[in-house]
């Protein structure tokens, strides 16, 4: 159990209530996910993170599925279970298939391996990269 | 300077020479990048990594650019300078634009931040994720 | 379940018993926390870690609350659940408020994000830092 | 060398120019540090990060020096050289002494060590933490 | 619960069945461990990982126990609970004692601490290492 | 360049001088490596780290070469260049061959990859491990 208490929807007031309502509306959810209820302990962080998340994850030069897959790849690399589960589901909701998730995991594994081969052998930067 | 010596192309024999030639042919390169020359100190690792890299990074449910971007996102998360540079260039060679790389970096930053908000607040898994 | 068995207080003898008693006395605890019971499998590590922990975490140029907050920030960054919980509680016992913990988490998130923006853009060191 | 080009001050226009001017004014700097010049490749990230950084790092329940020390502790844990240097200097500019930085590093080292003792021994959460 | 379903032995066909049988034969196991059943969602990754794991972990210049201990040390550093448990058990099955595991954990802790002292003090490379 | 100044041997006094002399005697070195000269900014950390390092790295259930290899594996995983170089050289000085170092790197890469496959697929702990 966390040492923090989540802010439940019926306890939310002011800025927190506003962000909670916005999350449900924008994400078309019936209830606010735990992530937002916990960080609501710090209303400024709630507000900032919600705005940043929307800006960063919106369709741009990369589509939303690709962004979710990159998000999960990083979370896998960091071993954040909650983030892996919630964003894998978000990716699937946006259309990612099991095959896409599997390939993302394979690339994440490969990169983690190769990163350490580079460090272990202390590979010098190629002249052409300088 | 590395405590390992890279295996130069004119020193390569047997399996190492074979893989070196294959890398240049498949990747259409005039010379073998340092990564492969260093891990050639261990011919089994060279051969295995070259085969694995091709299998994992080939077009599948995800296209090659997306895979390179995921690869860079992981390398950024791990702070592996050589891997960031070489695979950012590989992504661009395959068609990734500056905007795509910038958005990948933004998602990588955001995921790294949110992962720690989750850990810090010890967010409990939502009932619906269980 | 761990593959190691914790050394219970009534099993402790010699150096382990001595350290256990010291932990309870210094920390004003009625029982020894699991961390110390598990690392007691290696009495040298128990003794060394207990002495080091006291030396490092004692009031110095930084007060004890600040040190606990830094300790938690690192544990959050590494995703060590036990360490986050136990040292968040230790910080609160020493006087840290929810607001202080929340701000520490926000800084930890921000630093993790900015670290990756730096790596992703391969930011060169400013002349004045050299 | 980075594969990205920093946006120099005399090239900055619109939103980027505005943020650059704000950074110099708020931080009382004669020139914009490289971090901001590189992330200016993505004006949205520049603007968002500058606003977030100010919100997160401002005096609150924790003073500014403590926040900078936490920031450096995380950067040390992640091995981000640029971030370590620039925020160690920022901490000193705000009044942190060599002793404070040294103690922060000692705590960061200790936490990193103890985190792994916990993982290695797979320490179970104490009943009282649940 | 994972969002992926493990491939059970009685569901396995083709390449997956073949690898499952090989795992049980080579490792002298009565059932396939979960790791292999989950990654079997991606038959290419299953096959590649099984072959790589055998090649990398086989007795060479280093004996099998040493390799398992290195594997666990890395997993401890990354905080991967499943990997720590399964490979600690694998190490013990191959002859590692509690003392050996404990010393491996102590070294892992020490290296993690010293790595951060180096980063925090930004230790310059000694002339003789260049 | 570091923002800390190394304590040179001719500047060392008291406890620092004592530890410096002990390092040179025990390690049979003509000069003190930079690591120790930098952490000497904090004499307590210097003294504690030197004692801990000797205790942890001494021959026990594991021999000294194995301990150095584990140390390097962790440093490779964390990407600490100074630590990789200095402890790879220490391992070689104690008798480690290029083959041993190469196999250690291969295991480190493999573990880093497999750790992420486990996280990505959110592999459930096997009944028999519980």
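Per-chain numbering from 1; labels A, B, C, D, E and F assigned in written order.
In this text, a residue touches a chain if its C-beta (ideal position, glycine included) is under 8 Å from a C-beta of that chain, and two chains touch if they have at least 3 such contacts.
This is a predicted model, so every value here is computed, not measured.
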Distance in touch steps, counted as few as possible, from chain A out to chain F: 1
Neighbouring chains shared between chain A and chain B, ordered by label: C, D, E, F
Most distant chain from chain A, judged by the mean position of its C-alpha atoms: F
Relative orientation of copies chain E and chain F, as a Cα rotation angle in degrees, nearest 5: 180
Chain F against chain D, contact positions shared by both copies (same if over half, else different): different
Selected interface, A-E versus B-C, where C-beta contact pairs are more numerous: B-C
Between chain D and chain E, centroid-to-centroid distance (C-alpha), Å: 34
Between chain C and chain E, centroid-to-centroid distance (C-alpha), Å: 26
Averaged-CA centre spacing for the pair chain E and chain B, given as whole angstrom: 21
Chain E residues counted as touching two or more neighbouring chains: 1, 3-4, 41, 44-45, 52, 56, 77-81, 85, 89, 99, 101-106, 108-110, 112-115, 117, 119, 121-122, 129
Topology of the chain contact graph, where touching chains are joined (line, ring, star, complete, other): complete
Chain B-facing residues of chain C, complex: 72, 76-77, 79, 81, 84-85, 101, 104-106, 108-110, 112-117, 119-122
Contact set on chain E toward chain B in their complex: 1, 44, 48, 51-52, 55-56, 129-130
Touch list for chain A against partner chain C, complex: 3-4, 41-42, 44-45, 78-80
Touching residues on chain F, where the partner in the complex is chain B: 79, 85, 88-89, 92, 98-99, 101-103, 105-106, 109
Complex contact set, residues of chain C against chain D: 1-4, 6, 33-35, 38-39, 41, 45, 49, 52-53, 56-57, 60-62, 66-67, 69-71, 73-75, 77-78, 80-83, 85-87, 89, 97, 99-100, 102-104, 106-115, 117-119, 121-126, 129
